[in-house]
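Structures follow.
Look at the two complexes coming up: chain A is in both, with chain B in one and chain C in the other.
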Partner chain A sequence: MSDADEKNEPSTRSVTVTEGEPGPSDWSEFRAQMREWREGVERVLPPWWSRALAATLIVIGIVLPFLFSADSGFLNATIIAVAYAVMSLGLNIVVGFAGLLDLGYVAFYALGAYTLGWFGSGFFYKAHLHVLVSPVASTLPGIHLNFLLILVAAAAICALAGMLIGLPTLRLRGDYIAIVTLAFGEIIGVVAVNGTSVHLGGGMTLTAGNLGISAVDSPYFPGIGLFNELDLRPWYWLIFGILLLVLFVNLRLRDSRLGRAWVALREDEVAAVSMGIPLVRTKLMAYSIGAAFGGMSGAFFGTYFTVVNASQFQFGFSIFILGMVIIGGLGSIWGAVAGGLLLGYINYYLIPDVLNSLPSKIGLNFQLTEIEFGIYGFLLVIMMILRPQGLIPERRRRLELTGRVSATDSELGEPSAISTLELAE
Partner chain B sequence: MSATTVSPPEAAAMEVDHVVKAFGGLVAVNDVSLDIPRHAIISLIGPNGAGKTTLFNMLTGLYKPTSGRILFGEREITRTRPDIITKLGVARTFQNIRLFGAMTALENVIVGRHARMRTGVFGAILRPPWVRREEREVQERARELLKFVGLRENSFDRLASQLPYGDQRRVEIARALASEPSLLLLDEPTAGMNPYESEALAQFMRRMRDELNLTILLIEHDMKVVMGVSERVTVLDHGHKIAEGPPAEVRADPAVIEAYLGKQG
Partner chain C sequence: MVRKYVGRWGLIVALAALPIYYGVRDLVHGYQAGFVAGHPVVHHDLTQLGFNFATGLSNGAIWALIAIGYTLVYGIIELINFAHGDVFMIGSFTAVGLYSVFGLTSSTGAPGLVLGLLAVLLITMIVCGVLNTLIERVAYRPLRNAPKLAPLITAVGFSFILQNVGLLWRGGSPQSVPDLINQGKTVFHIFGVPIVRGYLLALGVMIPLVLVLGRFISTTRMGRAMRATAQDPEAARLMGINVNQTIALTFLLGGALAGAAGLVYALFETNIWYFQGFRAGLFAFTAAVMGGIGNVRGAVLGGLIIGVIQALADSRMGPQWTEAVVFAYLIMIMVLRPRGLLGEETREAG
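Presenting the complex of A and B:
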């Protein structure tokens, strides 16, 4: 029995005394049993079992689209859900690993999508640049780059933007970081809407505002051909490949010097820098890597939705992605994937396709899509009550909620809004 | 280390030169100078609020002094970033234990080795053989250190926040040692320990000094430990240095007695 468990006991006991029905103590017992069971299973299974599991999941992922027709709504939802999972993985690095609450993640969706709009359409019609694009696109005016090049560009641009947005938050902590990042998200959104007034010369503007940059290129690869909306399978494999790449990078980073430094900073900034972790570099690294993944997913959404429209980049989207990370389990890689897939399916399949007419069936005059944000809010509340650690909690956090003592800053006694460190000028 | 830093034994490991730290109107440390000879165990004592921890925070770079200079060996570190000071060879523990609660004991010590590792982003993602080797070595070293400070092996993979208090103190020392310091700053390491444990820790300090070739600066309230282990004692009161010298001498100093017990009559 650990200290934390012992500390936790009196409170759970007092609850069971007053209630006859299954109370929290049953839950914690159940959880403890599950934990034991899982640890037992992990001991019994051979060391290669996780690799075998991963390989199986990858194979299932690859053959999945053959189970559905090539233009089915479910496949469409799956594609979007996987793209959400990529974003969720990106935000998880910032919020989950490094503990920097970022409420402006939509900024990187926007930047990624605009990277696609700028470099994969006829939007800059005075320019003529074609690199490895389809025969049709190579005759059109504008900048047309191969989707993989755009993907790299989106990641690079967002990584840079992530650093710039991260800079002013370095001296801040907690809620104050959230406010600054929220503001940046809003700034990007407003710039996207009003980009029609930013003239780049030759009658070209920065964005197309709410009209949207449309007729963006679909991905084209020699040998595979041009992607189209009648056959969604190539789209799926493309985003699934991106997910695997991002997942791989996430797993490698988590178990590395950098990943441990992020967690250490999250746990105790003062102790972390005293252990030789460079504060500025480590935090900016989290911001920029997280942003890069958001940008990649954003570029994919741009081409998949065939339009880059300023009205897509609302504050609510940042919260939606944050919801995925939290529902999945803050700081957990598999949780972020699960959260992204779950909310993606709920948003694009369960609510519009399966349950949308439910209210009218029971005589109510509205559609479920009209109250979708209410549904997400409800889900979050339920999650926080039943499983606050998330669907697939991070190994570190599994026990955290059972009563861990966090380090305080009382020793240094500085105002809490400002980092206790006096950063080198 | 280059040949020039092989100094005669009397050269100081750290030199604090007329350091002042003011928080607004409050002067927490006022014109304190301090020499820490190599391979010595020096104690810093004083009543609560005397400025001991503030001084520690300046020595490790968490605070920048308002004025004055701090030298580590021959290098000035007055305004150097804390992580760089750690890399130069200064490590510390904290008065209120500041372990990374959600990490295991072993991981805590591994983080302590951050400054001695060189894996970057791309190294972490691609994980070439040298990165694997570095990971293996740091794991081994962390285990050795945890054994050295006397943590039982079945506690290595427990979360730091779930370890008993005494073990947390041990892990914190192991974490500090992981950065391979030449100067170790211990902020009230015996706080909350019984006399037996305190004595054991005092013994251990001597052992660390000798086996790891350390210089130790110690903030301590337990006079038995201070008198037993330190070669020299510096006394702070209200931010001023009021006495300095061998333990027996300092104990008899009227100014020190006054600071602790108040003025008579």
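Presenting the complex of A and C:
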């Protein structure tokens, strides 16, 4: 499609913007000035400034909960927003790095949460297995594993499921991948709801359906403090730790051989394969690593919400997570974090706490929480039309959109036709 | 070698498996057809299967009408128009809103009812066609040259927006609407299978509309422009076809058919809610893919097949599993024959 379209465009566009020079409009001049200014700042700062910045951010992250009371609504929203950021980072690997549009990411939220429900509650009450859990939980029937073990199990189960979901999509491209993943997500949702009629023997069922698996264990780490709803700080540190871990893995992956293979597949599958990139392994790795992060976050949500309820796992959630990745900027790690935090705060703080009564103030008879998905839909449309590259675009994409890639290409002696290609993408 | 046969016959075998299995089971084990004096009556015949087919084909007529919208749009701009199912939902809501405008109730006489419903059908089709065209203008046309992901995302965004419009319009729970045509009334029997008014209505709306559409696409100038644009937009433009206008026309036609489906759904199911478009959209998309996306005849065939699968799953496994069954078939299509039953090989579905 894009091949055909770029030829549709009259070629004047490429003439005016080649060589990376600012175009005739004020807007691109302004952008060029911004770019110069940013480069100037980067020259002035010492080379270790980005590490210092990262360290400062981590310290701020650790001390943040002391600025709010231990059970405040804002801290609650922060915890959820950070957990969303973890999911967003996971989906960013699949959609952003590897370019495989996944519309069924909710499946991994569900599997992660059910891993917690199965291995961290009295749900399988005929079994008795206790590994490193709190003194209270170790007297209860059912399977009770330490939260860290559950986290590992959730990541492993989801990685396997991600691989299985990825298998039928290997021969497909683009929209068809989206549909297959969507179908898998919906099937897992249906199984979660109807799991009450899937009997495992001994009167135990696969899921508890819409009633939910309740009374799941809270994490238990001696020394950090008790995990309960009165003191949210331990929860925060736990999920912040998970975020840092996932972030670290993401950054290392992006600059690894595998990360470059993903980007190569995304940009041109045929060329990448002919350069010797193993298609099957690379794609399946993207699916399974992305899924593993979703599962970890799902397990955290399970224990944080204290219930694993099938009605949480709907298609809208997949789009919600995808919205974070898109709003942040596809393929951009910091964008995924920013998008996750932003939508998390909008969903759990701005809409329910701050703006909820807005429609009734202007005389309309509904609450804003009812139409939150309409609001996200609107955000997605606006974002795509006004700023398709996202809030914090990936460097490669930013360069493409500002035409700087073409500048380096022409410095290398390439014909300027390349720049036409880059701009039309 | 194996792959060739799986590619050619795998999907057909998978599709035939469900009715054959249940047909054989009905014949061998029998099924419970009712009670006489407290004792279950067991029949050993294919009447229940025939009943499933009748329900399925009329359900399938609705999915077929929606699926045509998907297939036309995908054929011409290669976009999965996620908002399409919700345009259908708005169609149902508009139609039900128009009942009271025209004063239609379940006690209206036959001539008035037919005329009134024809007027409702026409207005609903216009409303949905225009709505779909507006969505194209606002959300897809500005992104014509953007990466393919972008219009897909705005489509999902618009789907949510329309759903919430429906939510604010008629509340969050399913609402029953007046059964204007007394759809459950049996008209005649075929091999002992009762054919009710609802079945005749669904097929009676779908078949003429599809025939008119087929005629429009194959013979008129605008239809030829549509086919040319679908084949090669660039060459079509060079030949003097207004591509943007042709794409808008495609959205208009697809939306109008979705509107018609909306009215049929309201009359047939006598039950509407804001979330109906999501399921309908996915079923219809499955139908379009099954028939071979971009192919109108394929969409109709796929719609009818999906309807039958749905009816079989509804009555034999319970309606709560239907979605899972239909989506399992969707995945099977993707694995076995991505180009669908009647479709040609494309770059996407290599």
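Going forward, the second predicted complex is superposed on the first by the 373 of 425 C-alpha atoms of A that agree within 3 Å, B and C clash if a C-alpha of one lies under 4 Å from a C-alpha of the other, contacts with A are read in each partner's own complex, and residues count from 1 in each chain.
Heads up, the rule we're going with is that a residue touches a chain if its C-beta (ideal position, glycine included) is under 8 Å from a C-beta of that chain, and two chains touch if they have at least 3 such contacts.
From a predicted model like this one, the values you see are computed outputs, not experimental measurements.
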Exercise. So, does A:Arg38 touch the first partner chain B, the second partner chain C, both, or neither?
Worked result: neither
Exercise. If you stack the two complexes on chain A, which partner ends up touching A:Ala272: first (chain B), second (chain C), both, or neither?
Worked result: first
For this session: Name the contact category of A:His128: first (chain B only), second (chain C only), both, or neither.
Result: neither
Exercise. Thinking of the overlay built on chain A, is A:Ala183 touched by chain B (first), by chain C (second), by both, or by neither?
Worked result: second
For this session: Go through the superposed model and pick first if A:Ile385 touches only chain B, second if only chain C, both, or neither.
Result: second
Exercise. Thinking of the overlay built on chain A, is A:Pro168 touched by chain B (first), by chain C (second), by both, or by neither?
Worked result: second
For this session: Share the list of chain A residues that count as touching for chain B in one structure and for chain C in the other.
Result: 2, 4, 424-425
Exercise. Which part of chain A faces chain B closely enough to touch in the complex?
Worked result: 2-4, 248-249, 252-253, 256-261, 263-264, 267-268, 270-279, 285, 289, 396-397, 399-400, 404-408, 410-412, 420-425
For this session: Spell out the residues on chain B that touch chain A in their complex, using ranges where they run on.
Result: 53, 57, 60-64, 79-84, 86-87, 91-92, 94-103, 107, 110-112, 114-117, 119-121, 123-127, 131, 158-159, 161-164, 175, 178-179
Problem set entry | Interfacial residue positions of chain C with respect to chain A in the complex | 77-80, 138-139, 142-154, 156-161, 163-165, 167-168, 172, 232-234, 237, 243, 278, 282, 285, 289, 320-321, 323-324, 327-328, 330-331, 334-335, 338, 347-350
For this session: Spell out the residues on chain A that touch chain C in their complex, using ranges where they run on.
Result: 1-2, 4-9, 101, 168-169, 171-176, 178-180, 182-184, 186-187, 190-191, 193-194, 315-316, 319, 322, 326, 330, 366, 370-371, 373-374, 376-381, 384-385, 388, 424-425
